[in-house]
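Step one of this worksheet: look at the structure below.
Chain naming follows the written order as A, B, C and D, and within any one chain the residues start at number 1.
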């Protein structure tokens, strides 16, 4: 089971919206829209992607990490290291 | 003329690649891929979008802002304020 | 016990280094150093602070969250929610 | 003349406040305060530093870059490249 299993539809809906935003930005560039207007949409799409990531991460910590920690042992250690690396990638992206 | 006119093809190619990355993430979610693997791809797409934004912004400053500043007057003041607001949005996204 | 108990000296050393960086930036501003050179140091200090945050967060997840999850119950739920909120604040800062 | 000349006092005041925040975080760590409370203050200090950076950058674009662009020639080209690199460092930090 994935951490996001219960929110799968919501995650997919948000990702499709981001895909639509990116396609919208392509159309703006194709029709030579003003740089600042393009940039505003790129910032919005970046924020939306970041928000999907935070939602996936929260589900992962709440389910996968919490269950592994409850079991303990080397799997717990590995899941926690993996989660911390994902958090660092996200903070630095 | 837009700031990105000379790089339009490159900007479009990068945006289409981001669109493909987002679609790839949707397929990962649809087939219940592991949270951390999904997150790694979301971080990569976020970084790619940020990189498109930096490229658009650099072109904008190099062309639109520089030309407005060379002309001076209220248009220059407005272009500079607008650019600074776009930079702030990007840093905060 | 805090999550960072074992790394306390290291965390303190990094924070003192950041404090020194910020004081160095103040001196640069006082002596009218060039904007771009000041900005380079501000970016370095920001990255250093972010890195302290990631270290504190990793320790917190590895110890406090993992222990709470092992015990389960409402405390676990609350610790996990709290950790997810801290992650979100960090990603958005 | 620096871009921040007119805002020098304000920039210094904000930097001293950040320095105070970092010192406050050191005291929290010294007295073993709870990880999440420490993290909240680290996020606040990071946001404050980022905000100083945006203010310095806005002044730099408004003055140094705008003046160089008005003069044109290789100095303008170099100032613009330099500003774009500083923006990229800031977005990525």
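Note that in this section contacts are C-beta pairs under 8 Å (C-beta built on N, C-alpha and C of every residue); 3 or more make two chains touch, one makes a residue touch a chain.
Labels paired with UniProt names: A, B, C, D = DNA-binding FrmR family transcriptional regulator.
Not measured: the values here are computed from a predicted model.
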Which chain has its C-alpha centre farthest away from the C-alpha centre of subunit D?
A
Just curious, how far off is subunit B from subunit A if you go by their C-alpha centres, in Å?
17
What is the distance in Å between the mean C-alpha positions of subunit B and subunit C?
28
Intercentroid distance (Cα basis), subunit D paired with subunit B, Å:
22
Sites on subunit A at which at least two other chains make contact:
50, 53, 57, 83, 90, 92
Pairwise, the chains that touch are A-B, A-C, B-D, C-D
Residues on subunit A engaged by subunit B in the complex (per definition of touch)
2-5, 8, 11-12, 15-16, 18-19, 22-23, 25-26, 29-30, 32-36, 38-40, 42-47, 49-50, 52-53, 56-57, 59-60, 64, 82-83, 86, 89-90, 93
Complex contact set, residues of subunit C against subunit A
50, 53-54, 57-58, 61-62, 65-67, 69-70, 72, 76, 80, 83-84, 87-88, 90-92
